[in-house]
Amino acid sequence: MKPVNAEITEVVSETPTIRTFFFDRSFGSEPGQFVMAWIRGVDEIPMALSYNNAITVQKVGSATSALFELDKGDSIGIRGPLGKGFDRKPGHILLIAGGVGAAPLAPLAENAASDGIKVTTLLGARTKEELVFKKRFERAGDVIIATDDGSEGIKGYVTQLIDNTEYFSQIYCCGPEIMMKKVLDKILPSKAQFSLHRYIKCGLGICGACCMDGLRVCMDGPVFSGEALKKSEFGIYRRNECGERVKV
Amino acid sequence: MKPVNAEITEVVSETPTIRTFFFDRSFGSEPGQFVMAWIRGVDEIPMALSYNNAITVQKVGSATSALFELDKGDSIGIRGPLGKGFDRKPGHILLIAGGVGAAPLAPLAENAASDGIKVTTLLGARTKEELVFKKRFERAGDVIIATDDGSEGIKGYVTQLIDNTEYFSQIYCCGPEIMMKKVLDKILPSKAQFSLHRYIKCGLGICGACCMDGLRVCMDGPVFSGEALKKSEFGIYRRNECGERVKV
Amino acid sequence: MLSLKLTGIHLKNPLMLAAGIMGTTGGSMKRIAQSGAGGLVTKSIGVEPKSGHGNPSMVEVDCGYLNAMGLPNPSYKNFQQEIDTAKESGVPVIASIFGGCALDFSQIAGAIHADAFELNVSCPHAHGYGAEIGTAPALVEDITHVVKNVADVPVWVKLTPNVTNIKSIGLAAQKGGADAVVAINTVRAMAIDIDSGYPILGNRFGGLSGRAIKPVAIKCVYDLYEALDIPVIGVGGISDWKDAIEFIMAGAQAVEIGSAIGNNINVFNEISSGMEKFLSEKEWDLEDIYGMAHRL
Amino acid sequence: MLSLKLTGIHLKNPLMLAAGIMGTTGGSMKRIAQSGAGGLVTKSIGVEPKSGHGNPSMVEVDCGYLNAMGLPNPSYKNFQQEIDTAKESGVPVIASIFGGCALDFSQIAGAIHADAFELNVSCPHAHGYGAEIGTAPALVEDITHVVKNVADVPVWVKLTPNVTNIKSIGLAAQKGGADAVVAINTVRAMAIDIDSGYPILGNRFGGLSGRAIKPVAIKCVYDLYEALDIPVIGVGGISDWKDAIEFIMAGAQAVEIGSAIGNNINVFNEISSGMEKFLSEKEWDLEDIYGMAHRL
């Protein structure tokens, strides 16, 4: 599909570096799917859907900064929803969110909770102010918090909170790759799903830029089961824009 | 659509110059629609469907002669069904068939009769041996015959048989254009439908080769109501392959 | 709101019938005018009557059509009456003409009366040349020049996309005095019937039209807009109002529509009302979007 | 029944992965081999690492895809390990390489080990030349010749369709010593976002691939088969077994598949079984249909 025009209807500041952009249209996706957000004249970048009609963006570079210049009434181009989202399981699920990795997990939490699935969330960030969607996770179930500086919850990494994972029917994780790798090493791979970040060019499963071993993050993912990742390059290296291997 | 491969399963000799070619597939059409029959390496020509799975061909020139060389097991390419067929009306209908013009009318007769519509057919040909589908029309209702040489039925033209047309709910006509023009002049145009022959190139309503005034015979026809034809060039001139006007 | 002056000709909207589509008879062109076209380009007319290539002369492919009609036409000697009939619709009629050399073109242009001429330089039978006329800049310039000399109406030159550099052909037309260029004619292509191995077209190969070629045509229009001072008229794969807008943004002052008429004879009315709605929602007019992609 | 020898290389079937599609990493090529490809062509590799054009670098259009990746690649210095990984699949790996001059090509071909080289002469940045290398016969001949001198494996030359006469480019490759030609690369094209007027691609224009270009590619293959003595490898818009058959009938000894992989990673298996079924029903083998359209 070509990009469709999405007008920004509201901009919500989630943290000092993270904003949610709401649009005048929904991209009716399953939690975990993403879109390619085209900031015209600048770049097109992958973004998880944090609501049916919104993306939640951390300002990290040129395109995200350009996006931060936009306001209500401005518009961007959107291709999507793309990829495969989380595979929802019944029972009691555990969500592990690091930083802006909360974006695809919050709609999953809401979705699951409204269907009677029990949800527990481990929410981590650098500092108290950088916690994303705390309220949304709290409305969906229990929330345990970790901050690097101890400004809220436990001081340290969210991965340190992982315990008793046998207790959960499924674990859903999104955050920096190093954090996700630590999670993967601590749990039963077959019981966990991870939403990956890789350099995305086409988003259509064709160019191969996003490939992690044989898996296309844009098409076969971005959500993969722990088992698929276990013996892969996940957590070891990724590819840069040129396709060169870069240490994670 | 591209031509599909149609294998000839049976060839029936209807008259000394007319044969029916049955295929291994149906072109599920409404009576009056046609196909483009591609005799590979030779030509592609328009042919009415005389059955769901057959065309009935008069040998008149190069392509039809090439077709006559083919037998069971040979195959041709078929694009279709194309165009708009007869608009079926209830009541008691009159069919007027001249020569191979019987081809699209025979399935109409059968179709109508099986739905309880009364069918009367005026069937004309040069001579007794050239009468096409006499049995099919007889099974569907009354048949009145005219031959040029009087070898069967009334001697003269089928158009001479036209009488009491007010009696019929609809008149369906196919045959040489001069004959159809005579019919049109004798009846109430709004009550009659004519299946036209014009030079067909694309069969897709694009090239305009088949145009009769603004009407595309291949797409808006080949069946037209008498009213649409009344003030047209119908019966006066047609276009040759070059688009030049040629007297009918 | 859609009206414009194109090379001096007033059009009620920028949507014209493309050459070779329902353009052989006055009656068929009139019908297209009645269904909303702003202008009518006739079938390409040559010096002598021509029956064209044998059938199949057109076939639908995955995303468009392949045709090799072979320029069937009744010759200019039999064509003025068709133009005159078409003119009764009140819409400008542009005579598309073709030939194998400059002389052919000037002979026809000198004899035919129309609101403009569109030179179809894609004839594959250039006298004394192997390839299409339209691939040789010098020939295109010469033909344009000769027709300009005999014609007292605007002369448009229709370009083939089957060249390494369409700008150089457009520049040649401009140098020859063309009032506008039209891009594009069909894209060289072919289809084979796998059941038999036969090329489907009677002529073996032909030209691709319809949706498949729109992105190719957009690029040609975009390039020509950059290179030329004269207007560019866009054609190739337009089937809805969005396509028409895209062409105008690429740099087309007006567009022509061909293949889409097959399945939708009402395409002109639909496109013009779609464009009007879009432009008024955006609070833009034709001038605003004309060549817009170049300014961004 | 589908196996063949192509320029001396044994392929279990005539279906190869096209250059630039899932061909940057050893892992992704291996996956394609596992899903049934008879051969793997890598992403085009250049002299220095290159990040390519900015996004959007690919977009779906009506009947295919438009892309302007800008040849992102890790350079040949980082690529041997990917080829070696891909080779573990047991399927021949063809290294696609590109450069701005003959020297670039020979530098890479002299350093990389693969089962064959495919020269992508469609690089728009020819050193000291304005246009693509692949549009100039003399350059194509020279580059082919130079690579043939350093390479001890077959050399294929991949042609662009964006030329007036693809035969002349094919003949140049043959004269330079090419073992085969591959046709076609993408067709120059463009798309504009009508909501904003922006060209969609970061690079403004790009190349069309997918279904839309199949009839164009078929014609190129058909023409090259007529003109050349070396094998032609067909590519462009293949998405099912019928398409593959059509290419072989047009004169392709083998084919490559690109865009179709997006929606159907299993396309190789499906095509090879579809072809086998068709051929056995018709009681034909590959040799029977190879170039069949030329004999009818």
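Should a chain be cited, it is by its letter among A, B, C and D, assigned in written order, with residues numbered from 1 in that chain.
Here is the rule we go by: a contact is a pair of C-beta atoms (placed from the backbone, for glycine too) under 8 Å apart; a residue touches a chain by one contact, two chains touch by 3 or more.
Keep in mind that this is a model prediction, so the values were computed, not measured.
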item	value
Each chain counted as touching subunit B and subunit D at once	C
Subunit C reached from subunit A - shortest hop count over touching chains	2
Label of the chain whose CA centroid is most distant from the centroid of subunit A	B
Mean-CA-position distance for subunit D and subunit C (Å)	33
Centre-to-centre distance between subunit D and subunit A (centres being mean Cα positions), rounded to whole Å	36
CA centroid of subunit A to CA centroid of subunit B, Å	65
Residue numbers of subunit C (touch at least two other chains)	61, 191, 196, 198, 296
Set of subunit B residues in contact with two or more other chains	40-41
Chain contact topology (line, ring, star, complete or other)	line
Full enumeration of touching chain pairs	A-D, B-C, C-D
In the complex, subunit D residues that touch subunit A	20-25, 27-28, 30-31, 34, 43, 49-52, 54-61, 65, 67, 69, 72-75, 78, 191, 193, 195-196, 198, 200, 202, 258-259, 261-263, 265
Parts of subunit B lying in touch with subunit C, wherever the complex brings them together	1-3, 5, 36, 38, 40-41, 43-45, 75, 77, 79, 201-209, 211-216, 219, 233, 239-245
Interface residues, subunit D side, partner subunit C - complex	61-64, 66, 131, 135, 162-165, 187-192, 194, 196-199, 205, 208, 211-216, 218-219, 222, 237, 242, 245-246, 249-250, 278, 289, 292-293, 295-296
